[in-house]
Every structure is written in C-alpha cells, then in structure tokens.
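The data blocks that follow each hold one structure.
Next come two complexes, and both contain subunit A; in the first it sits with subunit B, in the second with subunit C.
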Partner chain A sequence: MSEADLFMLVRGPLFHAALAIFIFGNIIKFFEILMLGHKPDYAEARGSAVQGGIRTIFSRFIPDAGIWQRATITVIAGYMFHLGLFTVIFLFAPHVLIFQDLLGLKWKALPTQIIDAATLLTMLALLILLMHRLRDPVRCFLSRPCDYLVWSATMLPLITGYLAFHRFGIAPQTLIAVHIFSVEFLLIIFPFTSLTHAFTLFLARYYTGFTAGHRGINA
Partner chain B sequence: MLFTHTVAEILEQKGISRRQFLNFCATLASLMALPSTMVAKIASALEQARRPSVIWLSFQECTGCTESLTRSDAPTLEGLILDTISLDYHHTLQAAAGEGAEQARIAAMLSQQNQYILVVDGSVPLGNPGFSTIAGISNHDMLLEVAKNASAIVAVGTCAAFGGLPQAYPNPTGAVAIGDIVLDKPLINIPGCPPIPVVITGVLTHILAFGAIPELDSLKRPKAFYGQSIHDRCYRRPFYDLGLFAENFSDEGARKGWCLYKLGCKGPVTYNACATLKWNASTSFPIEAGHPCLGCSENHFWDGGGFYRAISLPSGNTANTAAYAVTAGLAAGVALGTSNRSRKAQAENEHQIITIHTIDKADKKDKA
Partner chain C sequence: MTALLERSLTVFKEHVDATVAAFFSSCVRCGICAHSCLFYTETKAVEYTPIYRLEPMRRIWFQEYTVLGRILKTLKLSPPISHEELSEWEPLIYDSCTLCGRCSMVCPVGNDIVTMIRKMREGMAAAGHAPKGLVDATHRAVKTGSPMGVRLQALQHQLEHVEQELGFKIPVDVQGAEYMLLMSSMEIMNFPEFIRAVARLFKYADLSWTIASNAFEATNSGVQVGVSDIAAELVERVVNAAEALKVKTVIGPECGHAYMALRWEGPNLIGRPYRFKVLHITELLDQLREARKLRTHSRDVRSLTYHDPCQLSRRGGVTKPPRRLLNMICNDFVELPDNGVMNWCCGAGGGVSTNERADQLRLQVFTRKKQQLEAIKPDAVITSCSTCRMALEEALDEYDMEMPVLSLVETLAEHLLEKKPNHSEIN
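== the complex of A and B ==
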C-alpha cells in the first residue's frame, strides 16, 4: 500500500466507519441511561429539582476547597489537560474545517503557535496524571487495563498530531494518515469506555443536582 | 556533432565564455544544494565529460513535460543543457519520421550501449498493448528494449513517475509507472504535471558531471529538488500560522494573499521546488498566482479526494454518514432501552418479598 493509498483509506472508508460507530454507540448509551428512568420521589419538594440539576452542571466545574486540598495535582493537571485538549480539538484551523464540513457551523481558529503550545501543555498534563496514577497506591490499585488504554488512546492523537504538524521523520502524508488513524481509534473505543464521560458527565451532574434540588440542598 | 566532443568544447563552439560556464556550474551547485567547493569539481568534470546521448520516449502523456522543457525562457540553464546533450530520439521534437526516426533510435542504442540516458514521459498501459504504440511497437516492449542497455532512466512527469492521469480511477488502460516495469536499472523520478524544466536539466547535468545519480528520496525523487514541502517554503506560510485563510477565490483573504489551505491547497503534503525555483523564468508559481497547489508531484494526486477540498477533510459525504448513524442509533437505542425496561418490569413482577419469618418457616420445614 502506497502512502497515498493509506492516506485515502484513513480519510475515506475508515473515517466514515469510525464516525458511524462513534455516533451510533453514543446514542445507544444515552438511550440506555435515559430510558432506565429514576424512582419517583414522593417526599414533598423543598426546592426546584430542575434548577438544582442545571445549577450542579455548572457548579461542579469549580472544585471545592476540600478537593483542592485532597487532590491538588489532579485538579491542576486535570484542568490543564481538559482545557488544552478542548483548544487543540476545536480551535486548530484544519479541525475547524472538519466540524464545518460535518455540522455546517464554523468559528474562528487560533494561530498555530498557540495550538502548538496547547498541545505540549496537554501532553505534559497527561504525563503528570499518568505519573500520579502510577505513584499513588490507591489510584494505582483502582486502575484497570482499560484506564491505561483510554490514556494511550487520548495521548496518541496528540503525539501524532504534533509530529504531523512539525513533519518529524517520515513523509507528512503518512504522518497525517497515522494521526487521523489514531483519532479514528479514539472515536471507535469512545462509546465503550470511560471516555463517554465527556457526554455523560452532564447527565450525571444533572441527576445529582436534580435529586439534591428536590430536597432543597445545594449540590 | 561527434560524441567524442567534450561538453566544454561544445560550449566553446557555441560562444559560451569561461566566465559564463563557471556561472552555470555555480548555479547548478546551488540548485542541487551542493557546497560551493563543488563548483570547481563540477566545472572540471563537465569540461571533460563526453556529450551524452539521450533517448526520450513518450508514452501515455500529453506532451506537457516536453512543452515545459522547450518553452522555458531563453537563454537558460535548461537551454544550455539541451544544446549540450545529444537528443538522439524524441518523436515530438525530431524532424525525422517513420522508419527514419526508429533507425535513429536503434543507431543510438547500438553505438552508445550502456552509456545513453533514457528519458521517459508518460505511463505504460498494461491493459492492452494496442492502447498506445509507436511505430507498431507497444510502449511496454519499446521500454524494455531501450531500457536494457541504458545507463540510467529518468522518468519525467507524474505519469512516468507514478502513473499520473492515465492511472487515475478507474484506470481504464491499466496504466503503470516506469518503475513498475523496469526494476534493474538506476531510476530517477522527476514528477510534476509538468515538472519544473530546470529540475529535468539539473538532474541530467548531475549525471553528466558526477557520472552518478543524485541522492533520492523514498519515491526516487532527487532530494535536492524534492526535499522540502511547498508549505514549508511557501511565502503564504505566515498566514497559515496566524490562522488567516482565504475562504473563497474572491473574498478579502484571497485579495490579501492569505493562505489557500481551506481552498484545498496540497502544499503541506507536496514535495517540490515550485515555491523556490518558481516558473516562467522564476516569475511566480501557482500559489503566487492565487491558486492552491494541486500536489501534482505526489503519487495519486488525481485521486486525492478533490482539488478544492482541504486535506484535513475526510473524503465523501460525512453529513450523510452521520445522519445514517443517528437514525440507526436512535432506532437501536429505543429498542435496547425498551428491552431493558421490560426486563426491569419483569424482574419487578417476579420479585418475592422475603422476610425473616419466611426464612424461619423454610428452616423449620427443612428440619421437619
């Protein structure tokens, strides 16, 4: 297979397959969660459950003092990683084009120097989080092979994207093909791993806030 | 002109001064990215080199490569080289026709065995020998016959180097590149649609001066000319880095000369010297004229997913795929959700209330 064939394969059939699995899998997951329903709470409402749900979706973005103290590294590196990943995925010009192609929406991209720095910071944060996971006995004990798979599947697109942008080593077409393939791998495993938290965190927070709001508690 | 004449003698006869000759050698060294210390060696080698015989075969091609070479501005380096080599057979350029032309080819092959350079433009059809013939000989047979005693083969143009347009999907003639047929000879690919003239002559001069082929990349292209991407040498690169793009051919970005990435520019994945050597006596190149690079010096560039589609975009209609996946996901999600609910309801129905009295009763029954 030539470099061009590989490039066309990952841009064509493989991308379509990965996209279809990603969308299909996530929708199924959502329906399974939503259709499970929840037990009716017959107690008299002491506050608005819906307001509580919406409030918690946003309030949980700010870690409370206890979490700051107990998990400082996780909070700092976690924020660094998530913000960096968001910047790299959604604000790099070639990526914006893909969303435009897929959704018909477009927004302004950031200069490549900023994306470059964000990529490095994101990779650094991921490394810190991995080290922390390995060194902390509790986290290490709780980690399963799937957690390391998810970490690797997230790290790979960052590494391959960085290499493709800077054209280190092999031909750029092959580097981009490898980068796209790594993203496709991420899309494929997404609905079947803890990566789904990117979507389900909103459901989970809403549910927590909803039940707490009904009881008049600020969650 | 006899083959015993050296290049220096020929240039002298043409009124080229020593200073002009050394200038030419310096230009060549610069083009091939050689150190300045090589200029004297190139001059010395060229002065003593015998006039090389070149046989040029044209197969499935459009003659654009020959046009590129001959329409270059005169007097130029490429003109100088064309005058210096003995182009013994080129059925577009030669005056002879029919049997006479073929005799010239055979004479050159016999008299310069293992010394002549074979230049080929165009791809070779393997689907049917009759798709492309010269003097009744199929391209495949003529290529093998001439390549047999050639010292080196230069595949000029993307058709010869990679199959090019004739090989584009669905490849009706079964077109293949020269390198797919001739496997036992030194091969240099000079792709481009067409290639830059000075790259063709630069490579021929390199063979002439050093008696060896230049350093090649993995696609057998001379690294001196194909070592850097168009993107890395493009004068519009700063706009890419700043995130400033032309969105269409008539917007503000296009007028201000911003990056053409979004209009499908293949510069980031195309290796060629257009951005540095340029065209038409170094006047400009396609991107400078406001058009995205088509990636013509790369393999399969005709089937690269659309000239005006950005390289980061997937090929095909992703919105359709997404719509199908959403529909299928909704149907499967509702079906699975319903199934889960009915299992839950069934479990609730089958649920038995067990108290400590029930267990006591069961224990007493067992003991009895």
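== the complex of A and C ==
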C-alpha cells in the first residue's frame, strides 16, 4: 500500500467508520441510561427541581474552596488539560476545516503559535495527571487498567498531531495518517469507556441538581 | 448462588435507575470525593474514598445495563458479585459512612454519591450484610415503634413530669389539632428537656398541637439500615396517625435523619404525596418568629456557633431558619469555617451511632470537627439534632474539650419572654 493509499484509507472509510461508532455508540449509551428511567418525587417541593438541575450543570465547573486546597493538582492540571484540549480540538485551523466539512459550520481558528503552546500545555497537564494517578495513594488505588487506556488514547492524538505539525522524521502524510488513526482509536473506544463523561456529566449534574433543587438546596 | 444473594442482586438491580447509570458513566476516578469525606481526610485510608464504596453496585450496573458489560459478563471476564465481597464491603457502607452527602456536593461530574450509598444499603441489607446494632434497632422499631424500645408508657411518664413542672397539660391525641409533634426516642429518654422546651414555646405561641399516642417516634431505622419495606411501614404509622387526627402539619423534632426520612423520603417510600405538610421544628419556630408569636427577653452573652446537622442542612435544605432563630438570642454568633451545606459531619449520622462496631472510628474522625471548633473557639456549640448533640458531647469529652453542647430549641425556650399564663387555658 502506498503512502497515499494509506492516507486515503485512514482519512476516508476508516474515519467514517470510527465516526459512526462514536455517534451510534454514544446514542446507545444515552439510550441505555435514559431507558432505566427514574421514579417521580412525591415529596412536596420547596424549590424548582428544573432550575436546580440547570444550576448544578454550571455550578460544578467551579470547585469548592476546600477542594481547591486539598486536591490542588487534580483541579489545576484538570482545568489546564480540559481547556487545552478544547482549544486544540476546536480552534486549530485544519480541524476547523474538518468540522466545517462535517457540520457545515465555520468558526475562526486561533493562530498556530497559540495552538502549538496549547498542545504543549495540554500534554504537560496530562503528564502531571498521569504522575498524580500513579503516585497519589487515592488515585492509584481507584485507577483501573481502563483509566490508563483512556489516558493513552487521549495523549496519542496530541503527540502525533504535534509531531505531524512539526514534521519530525517520517514523511508528513504518513504522520498525519498516524495522527488521524490515533483520533479514530479515541473515537472508537469513547462510548465504551469513562470518556463518555464528556457527555454524561451534564445528565449527572442535572439529576443531582434536580434532587437538590426540589429540596431548595443549591448543589 | 444462594437465594439470599440472588434476592440481594434483584434489590441492587431495582435500585439502578437512570441517575445511577448517568453517575457511573461519568466517574473518571479523579478521587476528589475522597477529600470531601471526613472518614478519608481523618484516616487517610484510601478505601474510604466515597465512590470506591460503590464498586459492587457499579459492577452490577455495568454487567446488567451496559452492552460492553453484558458481553464481558457472558465471557466471564467481569467477575460476579459474591457474598464474601459484600461482607467485605459492609464496613464501607455502614461503619464509615454517615450518609452526610458532602461527597455529592463536590464531585466535578456531579455524581450524587450519597444517594447511591443509600441505595446500596438496600442491597446490602437484603443480602444480610447490615450491622447488628442497626438490624436490632430496626426490629425494635417495628415491634415497639421505637428503635430504642421506648414504649408509650415511658413517654407518658416523661410527659407527666413535664406537666408537673410546667403546670399545664401536654395535648395527646387531640382531633383536629393543627400541628402534630413527633419526637425521637433519644429526646424522650436522654433529653426530656426538649419536650418541656417545645411545650413552653408552643404554649407561648398559642399553637393548636398534639402528640399522637400511636405514632410519636420520628426516626426511621428502616431508612438507615436500608430496608424500604420497613421504612415505608414506619412512615405509614405517622401518616395514618396524622390523617386520623386530621392535623395540617407534622413537626419533626431536633433530629436531622428523622427529617430526611419523613420530609423527603417518606412520600416516595409510601408512593404518594402526604395530605399534610412536614416541617422541622426550627422551620416552624422560624415561622412563629416571623409572625411575631415568639419574643425573647434576653440574649446569650456567650460566643456561640452552630453545628449544621447534615440531613437538615446539606440534604434537607433547612439552613437559614436555625440561623434566624439564633439571631434572636445570640449576641456573639460565630460561624464554623465550613458551614451550612458544606459543614462537616459529627461522625455519628446515618446509623453509625447505632452501630457499636463503629464507635472507635467515629471518635477518631471527630478530629475534623475538633479542628473546626478549635479554629473559632466558641464558648458553646448549638445544634438542632439530638444524635449530633450526643455525638458532639461524647467526642468533646473524649478529646478533653470543655464545651457545652446545646439544643437550639431548648436554648430558645430559655430566652423566651415570660408572659403570664392564661388560667382558663390550664387543663
């Protein structure tokens, strides 16, 4: 297979297959959750459950002061990683073109120097989170093999993307193919791992805020 | 698989709903919940990380309600739940969790961890893995109406004492009274001053109230141990009495857990809304304050702080009424460093104080509360839950800290402006 064939395969059918697994997998995931339903609350409401739900979706973006103090590394590196990842995924010019192609929507990209810095910071944050997971007693104890798989699957597109952009070693097209392949791997495992939190956390926060709101508590 | 285990798995499955599935789907094992739990912060034992306590339930969800989990279960790649495992988990679900719910307030993905632990207790109890102390208390509650075995005669005896002291009758089984007062056995036996204080306050405010002789116990061991059928039966006793007496409002005593059981869990346990309202005693007193039916003659000169009972504040939403009442009687009120919905538990809630096996651990983790109190050094601490009160008294004593623990209701009654009794009302 020539370099061009490989690229076409990865960029074409493989990408669409991965995207299909990602989309349908997540739809099934939501279906699995929502199908279980939940019982009505007969207790007389003190506040608005719906408002509470919406409130908690946003309030959990801000950690409690005590958590800032006691879990500083997780909070700071966690923020750095998530913000960096969003910047890199959605605001890198070639990615914007892909989203335009897929969604028909166009938005402004950031200058490549900023993306470059964001990529490095994101990778640094991921490294810190990995070290923390390995060394901190609680995180090490909680972690399962799957967590390391998810970590690797998130790190790989960043490394390969960075290398492809800076054209180290192998021919660029092969590097880009490897980068896209790593993204496809991420998309494929997404619905079956804790990566789903990217979507389900809104449901989780809503449910928790819903119960709290019903009782007149700001959660 | 034994029949008991099979039944327990059915109960576990029944308690997996959309919320549980969303919570487990969202956990990234960041470990932040550990830092909100006093059993972890005070012992540094990693197994006390709140989300870890749910591992058996998480596996049941995964194996039964996810595509991947079903495949792995069929291929025998995801191990089934065993009796041994549940037995190992028992201390994590009952001894080292007071259902305080602090973890549910900090989880970044928004998981309501404590609600899942409450659900998990149902499966644990069904499997026969609940602590003896709690199981015995539940049996006593079903048999005698009280987890401490306090019968009507004992209450009547205490009421007679109070009546002699106060010089007026305590209303019992009054049809059509507006309010029906519940008490906890702890109050009847250990803090009868509570009954005297409430009677004085209600008399002062000219309240139409009553105690029901067939349902005076407010606590619900069924909720604590995690047996919904029993919990529902205990709630129904109160509901039947309240509906038979045609009261408009049922008043929960100074007990956080009883409030949670009756106000928020009760209607869902019996599967229908109540035909009456439920108020915590501090909510009612706050309403009376607002209606200017309570007046105080003096203010406490001591520096006082308030310990928020978890089930009342964080889980129950009653945070402001106690503070407004304290404002009536305190000159020097100081808040604890983390207060209101983020307060730290006394360590005794959720049935932990009924579980002798947990006594040592409960005192050990009190260091968190101790630190909080040492940060502001109040002259006394006020609370509105008799379990918190007992736990605080015992632990302060253990740590050689001289600090009175007061009931909010009793302290309020002490400062009540005396008014001449209306003789026509006596008897």
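Here is the rule we go by: the second predicted complex is superposed on the first by the 219 of 219 C-alpha atoms of A that agree within 3 Å, B and C clash if a C-alpha of one lies under 4 Å from a C-alpha of the other, contacts with A are read in each partner's own complex, and residues count from 1 in each chain.
Simple rule for what comes next: a contact is a pair of C-beta atoms (placed from the backbone, for glycine too) under 8 Å apart; a residue touches a chain by one contact, two chains touch by 3 or more.
The structure presented is a predicted model; accordingly, all values stated were derived computationally and were not measured.
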Touched partner set for A:72, first subunit B, second subunit C, both or neither: neither
Which superposed partner A:4 touches (first subunit B, second subunit C, both, neither): first
Which of subunit B and subunit C A:51 touches, first, second, both or neither: neither
Touched partner set for A:36, first subunit B, second subunit C, both or neither: both
First, second, both or neither for A:196, with subunit B first and subunit C second: second
Touching partner for A:28 - first (subunit B), second (subunit C), both, neither: both
Touched partner set for A:109, first subunit B, second subunit C, both or neither: first
Subunit B versus subunit C as contact partner of A:16, first or second or both or neither: first
Touching partner for A:141 - first (subunit B), second (subunit C), both, neither: second
On subunit A, positions contacted by subunit B and by subunit C: 28, 32, 34-37
Subunit A contact footprint on subunit C (complex, rising order): 16-23, 25-32, 34-36, 40-41, 44, 46-47, 49, 51-52, 65-68, 104-112, 115, 263-268, 271-274, 277-278, 314-317, 338, 341-342
Interfacial residue positions of subunit B with respect to subunit A in the complex: 218, 229, 232, 240-243, 245, 261-262, 268-269, 271, 298-301, 303-305, 310-316, 318-319, 321-322, 324-326, 328-330, 332-334, 336-338, 340-341, 344
In the complex with subunit B, residue positions of subunit A that touch it: 2-5, 7-8, 11-12, 15-16, 19-28, 30-32, 34-37, 93-95, 97-98, 101-102, 104, 108-113, 167, 171-173, 176
Subunit C partner contacts - residues on subunit A that touch it in the complex: 28-29, 32-39, 41-44, 46-47, 56-57, 60, 63-64, 66-67, 70-71, 74-75, 78, 136-139, 141-144, 147, 192, 194, 196-197, 200-201, 203-209, 211-212, 215-219
